[in-house]
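Here chain A shows up in two complexes: once beside chain B, once beside chain C.
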Partner chain A sequence: MARLNAIPGVPVLIACLAILLIWDLLSRVVMVSGLPPPWGALQEVPVILTDKESLVNILASLRRMSIGFSLAVAFAVPVGLLMGRSRLVAAFFNPLFMIIYPVPKAALMPIIMLWLGVGEMSKILVIFLGVSLPVIYHSYQGSKAVEEKMLWSAAAMGLGPMARLLRVVFPAALPEIMVGCRTGVVLALITMVTSEMIARQTGIGNIFFNALDMAQYDTVYAMIIVIGILGFLCDWGFEAVRRMLLGWAAPVHDIAVGSA
Partner chain B sequence: MATDMIKIAGVSKVYDTTQRGRHVALGDISIDIAEGQFVSILGPSGCGKSTLLYILGGFVEATTGQVLVNGQKVTGPGPDRGPVFQEFALFPWKTVLGNVMYGPLQQGLSKEAATARARELLVLVHLQNYEGFYPKELSGGMKQRVALARTLAYGPKILLMDEPFGALDAYTRTRLQNELLDIWGRDRKTVMFVTHSVEEAVFLSDRVFVMTKSPGHIRKVFDIDLPRPRVRAELLLDRRYQDYVIAIERLMDEQIEEIA
Partner chain C sequence: MSALHAVWRRNISETLAGALPIVLALGIWYVISAWNFAPASLLPSPVTVFRRFLVLLGDPQFLQNAGATLYRLFVGFGIAVMLGIGIGILAAGNRTVAALMQPVIRVLAPVPKIALYPALVLMFGFDHSSKIALVVADALFPILLATYQGAVAVDPKLVWSARAAGASQTRCLFTIVLTAALPSILTGARIGLIIACIVVFLAEMILSTDGLGQLLVRAARNFQTVDMFVPIIAISMLGLLLNAAFNMLSKRLLVGFPSQN
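What follows is the complex of A and B.
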């Protein structure tokens, strides 16, 4: 058994099988239409993934997610880094973010729709908000923790304040920034689905909640599986990028996913 | 009489803290250091000896007084004064070679020239076989050799050494002291070396400034009249070396009794 654990992928496979087994047992015991046995849902997954319209929806979602995520990172990293190096900037942004942090970003969706309509912009903005905060927080922490003497060493070599921020603070804080981004990827997925639940036009959330409305439970559960797989793939891909970029760093602690 | 390269005139440092009120870290210091001298600042911890070094480096601003280097007032860090810190302060995202090349590249050398310069220095500190390593893969002694090479690489006229061997084990410490004297003997840069080890100060220096406890003043100056090149085994048996060490230790003990 210990040997089996060592093979990559095997523990994941065992965990998946366990979930399916529990699901199957539950569906037999509970016997409600809202909890169909897993096999119907599993059969539905390839159907969804080969259906052209579903694929268009999923791609639309992924597109939103990547745009929202990229904009958030482009905004959050500089803000977080500046906050960590300037007390004035931190004093300005800190209370602001403390108020926004616990607000579920998807709950802002109806208000945002009033400003920007039900289209792409609203959804991208919600994803942007969801991703920004953890990335700002971790960039801030990483920037604050940069060793003063490292900056002094760079200053002695002739690097000015701007060059120090870009070429010393940024790389030194990168391990911590990446922790924030990894949380951000998962939050992007969560806010993406919830925003599409509220403003339904296209996307993964759209398929999901339409199926729910029409009591197509096999499709509903199949979509949960699809979203789960997407989340897993995003995280896995992200982790691969992180390892590639941060070979020089000591391993970072595990991360917890914050509120959406 | 050679002109003094460094003139420290009436320098003090006062911190205004909200918790502890006014804290005098460094009281009125005036020191002149001639070009090519190896000078140590010796004192109990908390006496402000490192603060004095940081002021000379331009990393910390003096509350009163001024520092002149070659007649120029120090207003900030510059490549004429190269620091080496106890904490090493290497760039962890750069390899050994990348760290040592950093200064030369900053000075506008081509990549080839900077690499050649860095390799020269790595030979000097006996790390020519480690150029592809990252700092996290090195021992403390090796990290400090890299830090020294990185600073020497941009050719500072003055070396500012802040308890550079304080974090190393006794064996590595004596080895690095020997290597430092070896390197210093080649071009006799002006060195300001902060330490709390009496033997280290006497072994390395031309002059030793002994500081009082906080707020630090210069208590006494010792001109160390020992021949160079210095060999540890010979010095340990040399009556003059022993006398210096004993005299300085007595002076520092007196201070501790005054406090007790």
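What follows is the complex of A and C.
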């Protein structure tokens, strides 16, 4: 067992099998109503992934998600870094972010749709809002923890404030920024799914409610599996990128948790 | 004395700097609606929104919906706290449990739990229980992980001393490890509380017959913009209040622990 666990990927596979088995038991033995055995849903997964229309829907959702995520990172990292290096900037933004923090971002969807219409813009904006805060927070923490001596040395060697931020603070804070990005990418997926479930027009949310309305319960569960796999892949992919970029930093055993 | 004065002055200027963006945002909102840059049907004036909020606070129907939301929030959060602390402590105390739990959590934690909601509605129906189940699924992981990480980091010497003094293994787990991990557990619970607050609202927006989230959706369908703002402000204020209350409770509970920021 211990040797099996050491092979990468095996614990995850075992965990997936265990989850499916528990699901099967719940549906067969405990007879939870409305819960079909997992095998029908599993068979439905390739059907969804080969169906052209749902594939287009899913890809459109993923595209919105990556645009929103990239915009949020591009905005949040500089803001976070500045907050970490300047007391005034931190004092300026902190109360505002504290107030925004408990606002359910995906719940802004109806209002934003009122302003920007039902198109791509409003969906991307909601994802942007959902991702920004954790990335700002982690960049802020990372930049605050940069060792002063490194900054002094850089200043002594003639680096200006902008160059110091770019060449000293940014790389030193990168491990913490990556933690923020990893939380952020999971949050981007969560916000994307939530906002589409609220708006119900296109993308993943559309597939969900079409299936629910037509009582195709296997498709509903298959969509859950697809979204679950997406979430796991986002998290795992980011961890792989982090390990590649930041082999020098101590690994952060931080399992991404988040919510819109 | 003058050093104290300088600190004081800095605190004042920092508070002012912090108030600035909030005042600015409210000011821009007011100016846009007062000078008719945007029609009131798209962006009602902040004064109208807050007045409507105060009116609704006295409206029994609004309070009933808010009560349904609060009930789901607290029941779900309570179950998540019990499950999270229980499983977390168990995993910290037993290596087999930890080895079994870790990959499962690794797979389940990054899954968007909101996607489970349609299935939860199929299983538990439209009533309270489907929303409570979703709150549990979402709030569980931060609490569970914080408990586990906090419990694993407890100084083993504390446990050894208790064992040497004759405490049983289970007794150690609950009196020593649980107490020593309290700061970490409370941090996890605070995150879980805010998540619960957000998730219950979103679930009510997606499929529900009552609750604050449903009020927002209903207002959106009827194009009543003012009533769309009120539930969002209500749930955000609730989140802020719960956060503040939880921080106060933590401070009370953590008297004597080394302070952490």
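The definition used in the following text is that the second predicted complex is superposed on the first by the 250 of 260 C-alpha atoms of A that agree within 3 Å, B and C clash if a C-alpha of one lies under 4 Å from a C-alpha of the other, contacts with A are read in each partner's own complex, and residues count from 1 in each chain.
In this section, a contact is a pair of C-beta atoms (placed from the backbone, for glycine too) under 8 Å apart; a residue touches a chain by one contact, two chains touch by 3 or more.
Predicted model, so just to flag it, every value in this text is computed and none were measured.
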| item | value |
| --- | --- |
| Contacts of A:Glu147 with chain B and chain C, given as first, second, both or neither | first |
| Partner chain(s) touched by A:Gln201 [first = chain B, second = chain C, both, neither] | neither |
| Partner chain(s) touched by A:Val168 [first = chain B, second = chain C, both, neither] | first |
| Partner chain in contact with A:Gln43 - chain B first, chain C second, else both or neither | neither |
| First, second, both or neither for A:Ala249, with chain B first and chain C second | first |
| Of chain C and chain B, partner touching more chain A residues | C |
| Which of chain B and chain C A:Met223 touches, first, second, both or neither | second |
| Which superposed partner A:Gly158 touches (first chain B, second chain C, both, neither) | first |
| Common interface positions of chain A, toward chain B and toward chain C | none |
| Complex interface listing, chain B residues touching chain A | 54, 57-59, 76-79, 81-83, 85, 87, 89-94, 102-103, 106-107, 134-136, 147, 150-151, 154, 156 |
| Residue ranges of chain A touching chain B (in the complex, touch as defined) | 147, 149-150, 152-159, 168, 171-172, 174, 247-250 |
| List of chain A residues in touch with chain C within their complex | 1, 5, 11-12, 14-16, 18-19, 32-35, 87-88, 91-96, 98-99, 101-104, 106-108, 110-111, 114-115, 186, 189-190, 193-194, 197-198, 208-209, 212, 217, 220-221, 223-224, 227-228, 231-232, 234-235, 253, 255-260 |
| Residues of chain C touching chain A in the complex | 13-15, 17-22, 25, 42-43, 99, 102-119, 122-123, 138, 141-142, 145, 149, 191, 194-195, 197-199, 201-202, 205-206, 213, 216-217, 220, 225, 228-229, 232, 235-236, 238-240, 242-243 |
